[in-house]
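Shared between the two complexes below is subunit A, which pairs with subunit B and subunit C, respectively.
Right after this comes the complex of A and B.
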């Protein structure tokens, strides 16, 4: 007998800065809305295990989306996107969040994002905490460490990851190097497969936000967790954002939650969901406790 | 090295990563430097004790202390692959167009770690 999963997919058309985007999403569960942001150059499928996890979906309406240009979300259908370089910005990410929340009529959702999505958790905490009930940053930090961001988005990253003479497998191979060594081989291959099939130049364009737009230096101490709690989780094997990088952010955000996740790397949700879950569940239980009686 | 490269040549995953490739890989363990050649997707021999400035398509050259940590069965964070070792432990890793060899380097390291620890992968 065929096995169906409790995940439903759909498309929503969102207009941002006058351009309409056809956006794919998958959702499962009921309860507190829970938005799930994928990593740079990837897609919402990274959350497939979470969307199938009844321990989470019994209390949270989990929605994983593919940003425009990612996964099943095509570039804008009525805009000549190919006439300019694709570059992701903080401004676009924040407007996307607003448009998505409005379209689904979500009331103060929780949010979780990984890598660039982890950075975004901190940016949302700084810019618009009143819109969320909780923000969870995975592999996020104050600013991308200089050894990763020393190149501008217009040179080395594009040369390596938007280069017609370099095959797509280079990107998966690069991501393979920041996965924890304990990761089951099948999950490791799932991550690299996902990257190998990403849209041309999209990873490099996303890095514009990751390396440049995101910078809370001199600002993070103004984040008020009284308005919205900020949870920060980082894998011990992540060389892109080391636990000490995340802790630097946590130290500046008074009252925030920080936990190092042993034996996980830059893609904790996908590398080993069962292990990741041991770190996630205490956070979700804390969110439920804080939201009790508020909805 | 000869025995190890024979293992690589029989490993489907490794052979797949070098398909159609003609080039060379410089592998440096401290002062001990090898040059492995590839031709049309096959291993085409190697040289040992080549000069440090020998030209190659791609390379991983690092201190012995870094390699010793990287080749442990479960390396510590920062030593699990070439990029973290480059960021934090003085490993020189070819960049630019040479990133196309990253899948080969990843499989090479997995096989080398297994070989170094007496295992068969």
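Right after this comes the complex of A and C.
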């Protein structure tokens, strides 16, 4: 008998800055809404193990979406997107969050994001904590560490990852650099394959937010975890965001939660979900405790 | 230089070079799928282990030449240079966090990539897998 998974997919049309985007999402579970943001150049499928985990979905309505230009979310039909360079911005990400929450009529959801999504957790904590009940940043930091390049960091990424002379497999190879060595080979290859199939120029364009827009230097100490708790988890084998990078952010956000995840890298949710879960569950239990009687 | 007068660094480099020479050309060329993955790579690479330089000539994914020391007036397309410690740590099984990949080593200043990087980046997974061949076992 065929095995069906308890995940339902759908499309929602969101208007952001006057442009309508058809956005794909997958969801499972019931309870506290839990938004799941993928990494740069990737898609919500990274959360497939979590969406299948009854220990999580029994208390959380988990929703993993594909940002426009990612996964099954096409570029906007009514906009000449090909006439401009694709660049993801903090402004767009925040408006996307607002539009998504409004469309689904979600009340103070929890949020978790990885890599650029981890950066976004901290940005949301700074800009609009009142909209969320909890923010979880995976592989997030105060600011992206400067790259050693003759170009600006953004131009270096475009040269390597949006270049007709370089195939998209280079992207997977680059991501392979930041996966923990303990990761099962089949999971490792799933991660790199998903990167290899991303849209042209999308990873490089996403890095605009990751490298440029995200910078909480001089601001992070104003994040108030009394308004919304900020949890920070970072893998020990992540050279892109080292645990010490995340700790620098955590040290500035008084009362935030920080944990280094041994034997995980830049993609903890997909590298080894069972291991990641051992770090995630105490966080989810804390969220449930804090939200008890509030809903 | 006699063996007795060698410094500990020279002994380490010799050990690393032996591991590299025993693993890399043979295991690449004897694996037809490995060669197929690099079918679009034809380039000359300078690979440096500590102070020891190698010239590796790739031709359609196969290693046609791997020689220690560069001939005079020898040009190359791209170079990957690492300290002896970088290679020693990279080939541990398992390697320590932060020493486990060429990307991590570049970030910590123990390794560099130089020259015309397009052929290297375009074949990054092939190249990374080749450089990690001396590590026995592990997930690779």
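Note that the second predicted complex is superposed on the first by the 289 of 295 C-alpha atoms of A that agree within 3 Å, B and C clash if a C-alpha of one lies under 4 Å from a C-alpha of the other, contacts with A are read in each partner's own complex, and residues count from 1 in each chain.
The definition used in the following text is that a residue touches a chain if its C-beta (ideal position, glycine included) is under 8 Å from a C-beta of that chain, and two chains touch if they have at least 3 such contacts.
Please read these numbers as outputs of a predicted model, since none were measured by experiment.
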Handout entry: subunit A as common anchor, with subunit B and subunit C clashing or fitting
Key = clash
Problem - Which of subunit B and subunit C A:54 touches, first, second, both or neither - result: neither
Practice task
Considering only touches as defined above, state whether A:167 meets subunit B (first), subunit C (second), both or neither.
Solution key: both
Handout entry: Touching partner for A:184 - first (subunit B), second (subunit C), both, neither
Key = second
Exercise for the section: Scan A:156 for contacts with subunit B and subunit C and give back first, second, both or neither. Expected result: first
Practice task
With the two complexes superposed on chain A, say which partner A:77 touches: subunit B (first), subunit C (second), both, or neither.
Solution key: neither
Problem - First, second, both or neither for A:281, with subunit B first and subunit C second - result: neither
Exercise for the section: Could you give the residue numbers on subunit A that contact subunit B in one complex and subunit C in the other? Expected result: 148, 160, 163, 165-167, 169-170, 172-174, 176-178, 180-182, 236-237, 239, 242
Problem - List of subunit A residues in touch with subunit B within their complex - result: 147-148, 156, 159-161, 163, 165-167, 169-170, 172-174, 176-182, 236-237, 239, 242, 265
Practice task
Show which residues of subunit A lie in contact with subunit C when the two form their complex.
Solution key: 145, 148, 160, 163, 165-167, 169-170, 172-174, 176-178, 180-185, 188, 192, 236-237, 239, 242
Completion exercise
As the complex stands, subunit C meets subunit A at residues 94-95, 97-98, 100-104, 106-108, 117-118, 121-128, 138-140
Exercise for the section: Give every residue of subunit B touching subunit A within the complex, in rising order. Expected result: 17, 74-75, 77-78, 80-84, 87-88, 95-97, 99-100, 102-106
